[in-house]
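Can you keep this structure in mind? I'll have questions shortly.
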Amino acid sequence: METSLHRDAGFWVMIAIGLALLVAGPLVWDLFQIMQITQYVVLSVYVLSLSYIWGFGGILSFGQAAFFGLGAYTFSVASINMGETTFPFLLAFGLPALFGAALGYFMFYGKLSDVYMGVVTMVVTLIFWKLINHTAGPEYAIGDARLGGFNGIPSVPVLNVPGKPEAWLDPGQMFQVFMAILVILYIVLRTLIASDFGRVSLGIRENETRAALLGYDVRRHKVIVFAIGAGIAGMAGGMWATYQTFVDPNVFSLEMSAKALIWTMAGGVGTLAGPIIAVVVLQYLSLKLGEMHVLNNNFILGGIMMVLVLLVPKGGLPTLRDALVALKARTPAALQR
Amino acid sequence: MTLSRRSFLQASAALTTTLAAPSILHAKTDTIRIGGLHDLSGAIDSSGVPMDKALRYAVAELNAAGGLLGREVEAVTYDPQSNMSLYSQYATQLALKDKVDVVFGGITSASRETIRPIFHRYKTLYFYNCLYEGGVCDRNEFTLGTTPAQTIAQLVPHVMGLWGKKVYIVAADYNYGHISAAWVKRYVEENGGELVETEFFPLDTTQFGSSISKIQGAKPDIVYSLLVGTAHLGFYRQWAASGMKGEIPIASSSFGGAGTENVMLTPEEGNGMVVATGYFPSVDNAANASFKAGIKTFYGNDAPILGEISEVTYESVKMWAQAVSETGATERMGIIQELEKGKSYDMPAGKVAIDPDTHHTIRDVYIAELKDQEMVIQKTFNAVQPSDTQMVCNLSKDPDSNKQFEISL
Amino acid sequence: MSEPTPILTTEKLVMQFGGVTAVDHVDFSLNPGELRCLLGPNGAGKSTFFKCLTGQLKPTSGTIRLNGQDITGWETHAIVNLGVGIKTQVPNLFDGLSAYENIRMAARRRHLKPMAKERAEEMLEKCGITHLARREVGLLAHGQRQLVELATVLAPAPALVLLDEPAAGMTGAERDRLADLVLETARRAAVVVVEHDMAFIRRIAKFTTVFNRGAIFREAMIGDIMTDRAVQEIYLGKQADVAA
Amino acid sequence: MDYTVIVILEILRAISWLVILAAGLAIIFGMMKVINFAHGEFLMLGGYITIMSHNAGVPLWISIAVLAPLTVGLFGILVERLVIRHLYGRIIDSLLATWGLSLLMIGGVTMVFGNTVQGVSTPLGSIAIGAYQVPGYNLLLIVVAALLMAAIWALLRYTSAGLIARATMQNPDMAETLGVRTSWVYMATFGLGSAVTGLAGGLLAPLTGVAPSMGVNFVAQSFITVITGGASMIAGTLSAGTLLGTISQGVTFATGPVWGDAALLLAALVLLRVLPQGITGRIFRKSL
């Protein structure tokens, strides 16, 4: 039940895999594969933002896309105006985190219940989506950056070496930076979850009243967790914008929010590795489907989602883990016989 | 498109095998490979499917005539599912992994601006085949669809001559709508008319009651529509329901580009609208007759509804193939230089030539009236220049340009 | 002899739900180190009164003072942080965590990490549940859960302990252990116990407050309360009501 | 003066439209606490059924009022038996499953019917008010919204089925011990909610273009109406519909459609902050 982080094999395996890919990836993959895998890395950072607040803080957000989009636009606008990307990248974390804190304050201090909270986060996302879609006219510009409405902002700068605006990262380097971010994020989140702060989050997830009865300020705690999640989602948005060199209102779409939910569900709520695996598997699947012309792809994806929920309700990783445990438990008995 | 049980089973079987062995998709090597990127599912599949079909038909036609340079032409096509991240992935895949010689595709401006820089970076020739707001300036791209100045410059004076001077614009709230509205305003004023009001609608607006009341209050002579998409069809429907059909006529340069809107409205709702694009199925020439007959035979009951975007897709493949035959190779710069000679090609849409300065087309523009779901051509304008893009783009002077200019009026 | 400063007082405390007055102008006072039992039939307002004290409900009017400080309308966690331990009527535990983790989290509020560990182990032993330390509390029996909850309440060594029906669902042996624990706690802290279980009350009660219809009905030593005809009547009357 | 009448009529139309749009969802959410994310696609299906049957020669009114609700209702029962039934009490799972369902339906309808179909014209002609003309169909929408609410109210209030439904809604375990087969109640409820949504889709068909992906345009509005309405089906839907419809349509007239939409969303946000349980969580609590 309570295992120390440094004794958890899974933790070290994940870090080892991450570091191995980080070092070896650019050597063995071709450009296309690197681009492909970079995308999975960015989306993994994004999904962790929800997996953390949902699985380890009990906060369900239908609006992670609001922060993802905010981060993407923040990065794009700031980097176009400043001509370099380091500060904008920090801003892509900071601004959504602040906004998350404000929204969290609004919700948690207003004592909104679960379903209603879900709807508020969804509505906020929709407001962003509506407003950003409305910015097609030339009057909507922030400094040098035209917001562009439905068409979005083209030519978002590629990440550069801090302090050297001319030194753009090539795709291999960008992959390594992003992979490093993912590995660090994973370590930070696991450490955070294992810390006292993390235990309290878990406690709040389990029973808010008891947490308050022990003297923990539930509302403040939830606001902090929510803001951390918002910051991570925003950072992922910034990564997304610079990876695509392009950003459009789809970053604020309901679909984007839903994907985070789907990946977390499919991978398993209450794990971090599961959702990352789900990102890779499901994104690869939708990529492969688009290469074929057999059935309508919406039809297939929708079917897969329904089957997943019905047959693997706990999510991939926990189900796998349970199966392994069951297998282990059975083996000795079989040997005795 | 209908689906029998048997074809469903075949499809499922195909799905299983392809999932198991995706590599067999890319087995052939001695063919000429071209790429196609059109949304076959998701929100804008109604545009993507006809374009994809036109592309495949063009390829089949080439192969039936013995292929290109004696080699078979193979179309590598993907379905980006109306999803920008898939667009950028497939574009990278086409350029780097499939190593195709040319790519045809992209529908919305957002999708084009996602993939255009990728093809530019990886030096893969690219054709964009939709009517759009204009301004793209990239020597690696050829843009064959009409731009606002081409259609609006003809349509505005035409309808003002027919109906009167007071114009009310209803437009979709995105770049295309805003830029087109600015052009309409300019031509209305140049022709001595008066612009009463411009109203913009988000692309998901379905209820137009309040705007229709406002128009009734303003009493314009002409309603000029720059609305886009299925949701916006509600405008024409509610317009007719308010009894405005026959009271104030509607003109549009955005309606009918895909060729699908006119069949989604009933005759009572659509009749009498006057529209302008670069192609209607009713264009009368030999190339169009054989194009229509050929694609009908090729697809049978599944034949796509034809409109500017599908005809232009067909056109782009044919034009590229002719350039390949002329130069005797698929090499990118050779093709670009060949097309920049500005030769005129006989296409179903009439005579089409590339403007070397902008890589847009100088082409015929048609004005038609909608009658029982058919576009009846009333007037043809020959060799119309893409004057809007010409204002901002000159590839002869600046061949390294790699962006879409904002055309401000 | 001067009166000692009370640790907890309420003045004209009122709690209304719509048209129903659940707590009706209650003036209550508790001295440091005192053990007080609250009695009363079902619906007398004991639990509502209790929830006002713990900040789970915001009183309609009146004031609550803790060590002289006005805490009316404070959030639960803020009240707790003044040194109050609360056990609610329905056990509130982190069901997905182990008994040890539950208690340690409570102790961690007061103590540094190593101390918290020690304190948690001490509490496990004191409550006689060391053997349950690693068990997930969601899977424990009701009485065992009550003991775990008591341990979490006592772990930070609060100066005021509020217990709502701590004996519910306990076996005889568990109840005896509980009574000892309460008595021992009362040596160092003020304790308020709401309880129905008469056997349990007899073991621990001294000065006792009886609630009826939202107001204080009697305050006296337990012996006097037990023999009070009027008190018996409100209990019986209630039962008669239920029977009818 | 004429203009004022027009504005009021438009606002009434907007309110009625929100009520019709949200009613089916309110039944399903209010009774079963299941969030049906495929609500928009149920609407779309209703629209498609109406158009396909009308184009096949069925009179329009029969298509809208009979075929669309019937087909979508039956489809809803099928969905309930195959999917939703397994997911009671699991709000998130049911949300994800119905999200999958929505994609499946978009794809399925595209494959079966195609994405380019001829719509139907709005029936009933127009009515002149001074210098203005409004579609007669708008008045029909207002009447239908009123009738629909009255019918649901009567069903819940006066029929034994309604009594069972209310009992199950209050306390499913208790209802079960009284011999109610709650699983049947849920199936019937889901079917009824779907049928009402099918009717809404049928009514929508003659107003706008019908395409497989149209559902997404409506799902957010429906949800927000239901949630801001709160727990009680009729009072909640009516009060939220009235409030949000008035605000959004009023702002649309004053400025334009973009700000109208934004105002609706902002109003919902503020409302939920002030009344975290929705309107009927605080006021009209006793109503149905």
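To keep things simple, chains are lettered A, B, C and D as they appear, and every chain counts its residues starting from 1.
Throughout what follows, a residue touches a chain if its C-beta (ideal position, glycine included) is under 8 Å from a C-beta of that chain, and two chains touch if they have at least 3 such contacts.
All figures in this text were calculated on a predicted structure; none of them were measured in a lab.
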Between A-C and A-D, the pair joined by more C-beta contacts: A-D
Distance-to-centre winner among chains (Cα means, whole assembly as reference): A
Mean-CA-position distance for chain D and chain A (Å): 33
Chain A-chain C separation of Cα centroids, rounded to whole Å: 44
Whole-Å gap between the CA centroids of chain C and chain D: 49
Distance between the centres, which are taken as Cα means, of chain C and chain B, whole angstrom: 75
Residues of chain C touching at least two other chains: none
Touching two or more other chains - residue numbers and ranges from chain B: 41-42, 173, 200, 202
Where chain D touches two or more other chains at once, by residue number: 106-107, 110-111, 216, 258, 261
Chain pairs in mutual contact under the definition given at the outset: A-B, A-C, A-D, B-D
Residue numbers on chain B that touch chain D, as the complex places them: 1-3, 41-43, 45-46, 49, 173, 199-202, 204-207, 209-211, 213-214, 216-217, 229-234, 237-238, 240-244, 247, 260, 263-266, 268-269, 305, 373
Chain D residues within the chain B interface of the complex: 3, 6-7, 10, 13-14, 17, 106-107, 110-112, 114-122, 124-126, 128, 131-138, 204, 206-211, 213-214, 216-218, 249, 252-253, 256-258, 260-261
Residue numbers on chain A that touch chain D, as the complex places them: 60, 106, 110-116, 119-120, 122-124, 126-127, 130-131, 134, 254, 258, 261-262, 265, 295-306, 308-310, 313
Complex contacts: residues of chain B adjacent to chain A: 8, 11-12, 14-15, 18-19, 22, 25, 40-42, 77-81, 83-86, 88-90, 92-93, 96-97, 108-110, 113-114, 117, 173-175, 177-178, 200, 202-203, 403-404, 406, 408
Of chain C, residues touching chain A in the complex: 54, 56, 75-78, 80-81, 86, 88, 92-98, 100-102, 105-106, 108-109, 113, 134, 136, 152-153, 156
